[in-house]
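One chain, chain A, links the two complexes that follow: it is found with chain B in the first and with chain C in the second.
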Partner chain A sequence: MNEQRVLEEVISIVKPFVKNQEALSSIGPETSILKDLKVNSARLVDIVLELEDRFDIEVRDEDADNVRTIGDAVQLILASKS
Partner chain B sequence: MASGRPLVGNDVVDLERALDPPPHPRFFERVCAPTERALLCQRAFDRRLAWTLFAAKEAAYKLVTKLRGSLAFVPAAFEVASDLRSIQHGGHTFELVVVERPAAVHAIVCTPSAHPLHALSWGDPNASSADVRRLVVAELGRRLRVEAARLAVVRDPDPRRWDGFAPPRLTVDELPVALDVSLSHDGRYVAFAAASEGGAKALRLR
Partner chain C sequence: MADAIRVVVTGLGVLAPNAHGAAAFADALRAGRSGIRRQARLAELGFGCQVGGIPQLTDELVEAYFRPDERFAMNTNMIYAGIAALDAWQDAGLPRPLADEDRVDWDSGAIFGTGIGGIDTVAEKLVPKTDAGKVSRLGSSMVEQVMSSGNSARVAGLLGLGNRVSTNSSACNTGTEAVIEAFHHLRAGRAERMLAGGSEGHSHYIWAGFDAMKVLARGSNDAPERASRPMSASASGFVPSSGAAALVLETLASAERRGARVYAEIVGGAVNCGGQRMGGSMTAPNPEGVRRCIREAVAMAEISPASIDAINGHLTATIADPLEVQNWAAALELPAGKLPLLHATKSLIGHALGAAGALECAATVLEIAGGFVHGSLNCDDLHPQLRAFADSVVHRTREVPDLKLMAKASFGFGDVNGCVIFRRFDG
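Up next, the complex of A and B:
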């Protein structure tokens, strides 16, 4: 799975939890999940669990805590799959 | 890790917002310690209890980061006592107060004997941090007998934090107040907790 495909999947996973719908129009690797999209910490747990299911990976809590942006999530997945 | 000064953390969960969309099926398995999972099993998965546990963890995390600075949020590392009156993390025990409303839970965690003041309010379905700040200055202005316009909640830059800012602090006329505050909002609910030397009485409760 290439980086662009992973990016699209991550965005589709994050979308249902976004409170700031306006930020979706410019969503990309640099977008902060918590600050820009206003996803709260509980929803971030949901997102990590969904990433685990969708990509068949395991994400340690400490690694999940380092996911700040959409791009961080993409890189975490690519690293887990390599 | 001891600080000496009273510290608080708080978190509010809008129980209706928490179901839209519903949490992942493994959510509580992931965030709860084994004793908490056992407690949830005993109570046939009480949804309110489950979110109370999570709110307590979030509140305790806010407090612990004030003591330790940057810290990864590992919810299962925070363990709520079965009587919901305390929470442990890293060998330290903090006091827990839980306030319940029909569609919300508010968890307040503090250092021992801090006797925090706390408030919970609701209104706008999409409450913001600005709404919480308004609640804080209105409520603490009344308690401290200071015009609300003279009070402000400020956050200093701190690159170690996830959002680049240190925890909030209260000022009067731009001067710091010896009072620890914690803010929270979720869905239509806004909440805060505050603690000072001498407990709530020092806030000149009316």
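Up next, the complex of A and C:
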């Protein structure tokens, strides 16, 4: 699975939950979902559900807890698909 | 009473079946424009009543009001409440706080009621997924949409409110009670501003119960705008509707400090219950309870009953209408020919349940401020028991330049009552 494609999909999934719209212009693998994008922590559940649906994977709660950056989400997806 | 805190209305937000916005609502009331339309879904499902009132909203409009992360967890009830609240706040000349602005308005609160609440979320998302064993697929937004306080909680976040924030609920009296509770909160010196309102969604799940009770109008499905007929001989039940309204109530001192425009003053407000005895039941009012409520509001306003210029009634187009008018006459101790002008906003917008009292209080405020009483549609065939009061019934909109005092009341399931006295603000 193409890593760049996955990155773009992850960004599009996270985008509707971003409160800090300015941070979207410099979004990348290092961007922290909670700290930089100011996504409401309650909505991480919904982002994970959308990732599961979009990439047809199942994410365990423990793995979801370790996703802090956009890059973490990308790596999680790549690992699930391999 | 010289030192009593004076409470005025400085902003209005209206999302009604016949108009969006206070000015548009005033126009629609004046013009006698009905918001009742045929509702195909009700027909498909075999409802007896196949007409209803639903505000006309587009996706574009909703997107203009709320960010995607806000809309994500807002059902219809909350969207209605949010729009009305934001509109009222802006109408009052108050700025909408920025989301990342770290400031709370400790002197402003909200009492925003609903009769049923987020039943659409419950029926369409919560129940099916839970029963299918798919609880983890529900996502994070269920609780805030199904909790009864969903609308007031969402409004508080939109406006950064830091005083009392709660959702009241008293069936058809909800919106009127919100205004009265907010009025008393301000009079007690507990806040400077209170957003008082009510919202109700349009889910057929809300309306089904009323249809099953046979209290909805079922004789005018082919003529929606003639279906809501308060005070008429051919009234056969109420027309269900939905929407929201919000009133910014403010202490006069606060309004003067910031040079706010004042629509009207609230000079009296009372709520009570008839105990479901002495003729009252869960669904029918105890006449004595109704009369006591009206009298208490009038006494608080320190006015003579004869000085009331107009009544915006509860008047739903059920068999209770004639009894309501008799209760008004008895409470005000006025003979039939001397009753104030009488009209029913529900004739234009139907019965919006938890939003009704708020929409109708907003209508009353617009009438007082604009010096008019809107026509009560569809009662040219006045109910025989109301013939004695015929001179009071306003059929076509009337300009009333010296309109000074109006009484607004709602009477709800549970035998609960509310009455507010509005006075024109002259300074």
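As a convention for this text, the second predicted complex is superposed on the first by the 82 of 82 C-alpha atoms of A that agree within 3 Å, B and C clash if a C-alpha of one lies under 4 Å from a C-alpha of the other, contacts with A are read in each partner's own complex, and residues count from 1 in each chain.
Here is the rule we go by: contacts are C-beta pairs under 8 Å (C-beta built on N, C-alpha and C of every residue); 3 or more make two chains touch, one makes a residue touch a chain.
Only a predicted model underlies this, so the values are computations on that prediction, with no experimental measurement involved.
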For A:Glu62, is the partner it touches chain B (first), chain C (second), both, or none of the two (neither)? first
First (chain B), second (chain C), both or neither: which does A:Phe17 touch? both
Tell me which partner A:Ala42 touches in the superposition: chain B (first), chain C (second), both or neither. both
Is A:Glu30 contacted by the first partner chain B, the second partner chain C, both or neither? neither
Going by the contact rule set out at the top, does A:Glu8 touch chain B (first), chain C (second), both, or neither? neither
State which residues of chain A lie in both footprints, the one left by chain B and the one left by chain C. 16-17, 19, 40, 42, 45-46, 49
Considering only the defined contacts, which chain A positions touch chain C in the complex? 15-20, 38-40, 42-46, 49
Considering the complex alone, what residue numbers of chain A touch chain B? 16-17, 19, 34-35, 40-42, 45-46, 49-50, 61-62, 65-66, 68
Under the stated contact criterion, what part of chain B meets chain A in this complex? 13, 18, 21, 23-24, 26-27, 30-31, 54, 58, 72-77, 126, 162-163, 186
Counting only contacts in the complex, chain C reaches chain A at residues 67-69, 72, 99-100, 137, 139-141
